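Structures for review follow.
Two complexes are shown next, each including chain A; its partner changes from chain B in the first to chain C in the second.
Now for the complex of A and B:
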């Protein structure tokens, strides 16, 4: 399957939250008790049962309010930190670009939780499993739209081939920039390219998104330096010991019963 | 059988017959609690380290049991040894630290001559005190390895209570400490069990005593000092 992309056009979003309902329905995620956090936002963060939710930001500028809405879910990075951090080879990437957690392999260590630059995966402390948006891989691979895209009424979500959707997004950006000069695309290059590409009306920071998300340096050091170098050191010590035993045998040091 | 000459935090006569008291009961307790919990920690930690080792966790009842055992043995690894430093056997424990952090020229000479001995040859170096240069290095690795593995382990244990930017660094620190300590332990076990020259020292960690012959051959400076102290009593 070729690379897919979902375009999240926040300029068209009306904040109806139907996407999060559709997500819960298709993925059989139970509803959670929510609470009004700001004028409109009821969900603060991802949970093991809430894989997508709406954020609402009220930004005041020149005595007018910019109401910035964004659908949050896993971005499905091309270069996913969670996958690199996973202790159990439970996180894989599909050809279409989706990053999925195999629930049978996951042990709930939480390494993905700590290393995701967006704070997406969450571990259920009882089930000891990490979960997040699957991108509706089960629907997509059967030629259905992701549940959130299928349900979106104002047409803020579009799904398709990466190249086609990216071109569509760029065209849309040019249009939107006429009225929103700060509008920008988020996700073309970030983390190697995100599967969920955003058209934001303001800078990422205003939305609470990292401007330059990266695979943590500590993660690269851990997996690509400490582990290979450490393994060689331990292997070297073991080899020296084997050599030591043979050298002593060869010198006949064991026969004398030790020289004391 | 070793002579029964030691009790608690007292300093008993060190040279008894043809035997020399090398490690107190408290030191031996520290050593073996640390050693056993180290291997339990290493084994159970490997289950989380890589899915390659995960099937082996069936021995303890699965990966989730292994994770719990890792945390329980971590408490022994730190608390028992820690307590012996403050109550139980402070005299011997702090003296070991004092020796360890006093790395001398003679230690350096020992370390540079030691590779020869490691492979069964004979190295030339000055008479050593209670701990030779190699033993001091092993002690330093154990001390700093324990400190770093514990600090990072605590952060990993209570990860949700620490900022992700800190937790992310705990992983490489934990692994690095484990690698260094494991490499040291491999050499340590060889010298304690398999090396024809040094394995006789094992009795010191079992009943506390080594032979006078061993003490004179390997730690002459230490032996002479004990002899003088005992004569001047």
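Now for the complex of A and C:
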């Protein structure tokens, strides 16, 4: 399968949250108890049962309200930190660009959680399994649209071949910039290129996204320098311990870029 | 809309929204309450269309707007009046359109006047208007006199000018709280973009002046020449998937199916009915009676006219009125189907006390909604309630076949996706079963009052009734052969008494197969007409009044958006859409071919809603009976031109006429009214996208409760600071009628504004919660006021006065 892309055009998004419900319906995820948090936002963060949710930011300046709505979910990075960090080779990348967690292999070590610069994966403390948006790979591989894209009425979500979608996004950006000069694309280059490409109406920081998300240095060191040696010398479990030490050592570095 | 254009329906369609150059979305929060609209609005926006949103709050729709104005709830007519004034002064109107397609030139009676907020004909005792002075000056042929030019002081156009000259931008600012410069900007942007579309919903109608607000829209759109055109129109977004269908089927108190006037208690015979309503309705009423009574409707028995119950027009028993009457013990039994009245009716304690006075309450719903459990609402002692409550498990929309009519007037057929779960039944099965049982009980009776039940034709099949047979009855039969009438044309040609249709505007929908089931989504013109997708009433016309999209010679005015045209070679109105004309073979040089608004007695759009019956004979009839005209113009009971009145509970006195501050004909049902000294803030109520209406279904779906778990009160940061409340705190909101405690959202999306120089605050609260369901919450309708529009009976949900404090 060729590289795919989902374009999230926040200029068209109306914050209806139908994507979140469609996701839960398709993936059979139960509802969670919530309350109003800020603005119309009721879901605070990713959980093992919430893989996509709507964020609301109210930015009022010069007597003008900018109500910024953004659907949050796993970006499916081309250079995924979670995959690099995974201690049990449970996380893989498909040809189409999706980053998926094999639930059978996952041991719930939580390194993916620690290393994702976007704070996406979450581990169920009882089941000891990590979970996150699958990109509806089960639908996509059967020629169906991802559940969130399928349900989006205002046409804020578009799915297709990476190159075509990227071109469409660039064209749309030029249009949107006429009325929103700060509008920009997020995800063309970040983390090697994201499968979920965003058109944001303001800078990423305003949305609480890292401006320059990176794979934590500790991880790069571990994966590309230490681990090739370690894997030979010691078993997988011991390697995991070593990784944990590194993770803690370098915590300060990657916390900066990440978002809780 | 009906007093302006002749039909009370959205003029264009959902998919036509993509053709607009500019939108005025005011009184609609379509991104939240009609999400599908945004699909098409976004397409227009991609092509550069401008979006103007006017709303008491910065909504999710406002987030997509180019221009947003925060308005004090209920003051729309003030700023719309200023826009009308601006259009007239700056000569921004489409002169040809105004001259040819509106009643601008017709002369108004010399007796008509507006004096200090009161129109001529007012009776202080009855609080009602006599409408005779709102008439035209008639010529010897009983037709309206036409002025030579728009300068004639008697003509409608001149009346319009005088009326709205009082509505300056400054006055509108003082009333509405929208800065004058912003109103001017809205006027400029909306007038520049052609075609321009106006979208409204309950934000516009839920006022004591709701009908007049829509009339103001009609005046603007007629002046700008935006009606009858692709991308133009006044688009009344209907809420529930089948709101359009239910009004087509006469859930309005003064209608029979197909918007036929309902017979009243003085209509002793069909002749009386026709004297009042005009001969136009004869064919349609008789066809309806034939559909309902079949062979038992004969010429000899007035086609069973007296089988129909008659209403008392002085009662006007709209929804709120029903509960008022129930409180007076005038009802024994209530069938509550598809409505959660205990949550949805304003000043809802009226409902609770009313239900307790019934002998029996039947609720048909998916869940045991609040209305069905009124007897165990916290604070009510079940032992005190004598009402017997019966719950029918209703099938859900996906569990039943049938048709639903959407805002675009598309009658869309669907099959059942699954069989009804458990013991639940579709409404049709329930009614069929019930009717057959009731008829058995009446068997053999010769009592006159039982005749309607015994004589009715009821033929939807044995066992499970067929919804298709119901739609076929609406479509119509040739009663002489028992065969379906192929098209609406065949129905119109059939002599009176030989054809039946259960709803004449649906004529032909199943005449050539079930056209409502068509699903061809080709769009060859790119105009979003989709003419082979389902069937639109009337006669598959997609854009109403499309004759007005052509010039006098029948040529399309907008080359990019051609709907219909006169094909002079074939001598027929041809086009991409079905032509909304009197007769397709009557060209633009004939009187019929000139009529752009054929459902109005004048054949033109009505800037001024004049009292007029067309076709009255010059000489009185020789038989001594009263004369019968052809068709009356739709009337507004509260005036022929929209005038600004304050909401029933208001923080301000009407600066245009302080002595007549609120509408002199508004119907106020609530007995506890608040004053601004005690209740200084304006409350406006609404739905949110996450829940549907009274939440009877959606509050029982955990995923929807997760994304909107509780009701709230949105307040400005100024107000939050004043009462010491920050986001997330609980607040108590109180009106003269009740108080509830909810979470506060302190937000910049609401700003303090000035009314006549005085700082004023609006508080916004959704209303979809009640004490039952998986996600119970306080009902905002404990606070709202039961004050009704005098014509439509719509309650003023959108404005009442409240106070707020930290809970």
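Quick note on the criterion: the second predicted complex is superposed on the first by the 227 of 260 C-alpha atoms of A that agree within 3 Å, B and C clash if a C-alpha of one lies under 4 Å from a C-alpha of the other, contacts with A are read in each partner's own complex, and residues count from 1 in each chain.
In this section, a residue touches a chain if its C-beta (ideal position, glycine included) is under 8 Å from a C-beta of that chain, and two chains touch if they have at least 3 such contacts.
Computed from a prediction, not measured in an experiment: that's the story for all the values here.
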Which of chain B and chain C A:67 touches, first, second, both or neither: second
Touching partner for A:107 - first (chain B), second (chain C), both, neither: first
Which superposed partner A:218 touches (first chain B, second chain C, both, neither): first
Partner chain in contact with A:115 - chain B first, chain C second, else both or neither: first
Chain B versus chain C as contact partner of A:89, first or second or both or neither: first
When both partners are placed on the shared chain, which of chain B and chain C touches more of chain A: B
First, second, both or neither for A:45, with chain B first and chain C second: neither
Which superposed partner A:16 touches (first chain B, second chain C, both, neither): second
Touch list for chain B against partner chain A, complex: 48-51, 54, 63-64, 67, 118-121, 159-160, 164, 167-169, 171-172, 175-176, 178-180, 182-184, 186-187, 189-190, 194-197, 199-200, 211, 213-214, 217
Contact set on chain C toward chain A in their complex: 31-32, 35-36, 38-39, 42-43, 46, 58, 60-64, 66, 68, 688-690, 702-710, 712, 727-728, 743, 745, 747-749
Complex contacts: residues of chain A adjacent to chain C: 11-12, 14-18, 20-21, 24-25, 30-40, 42-43, 54, 58, 60, 65-67, 69, 153-155, 175, 179
Interface residues, chain A side, partner chain B - complex: 85, 87-90, 105, 107, 109-111, 113-115, 119, 128, 216, 218-219, 221-222, 225-227, 229-231, 233-234, 236-238, 240-241, 243-245, 247-248, 250-251, 253-254, 256, 258-260
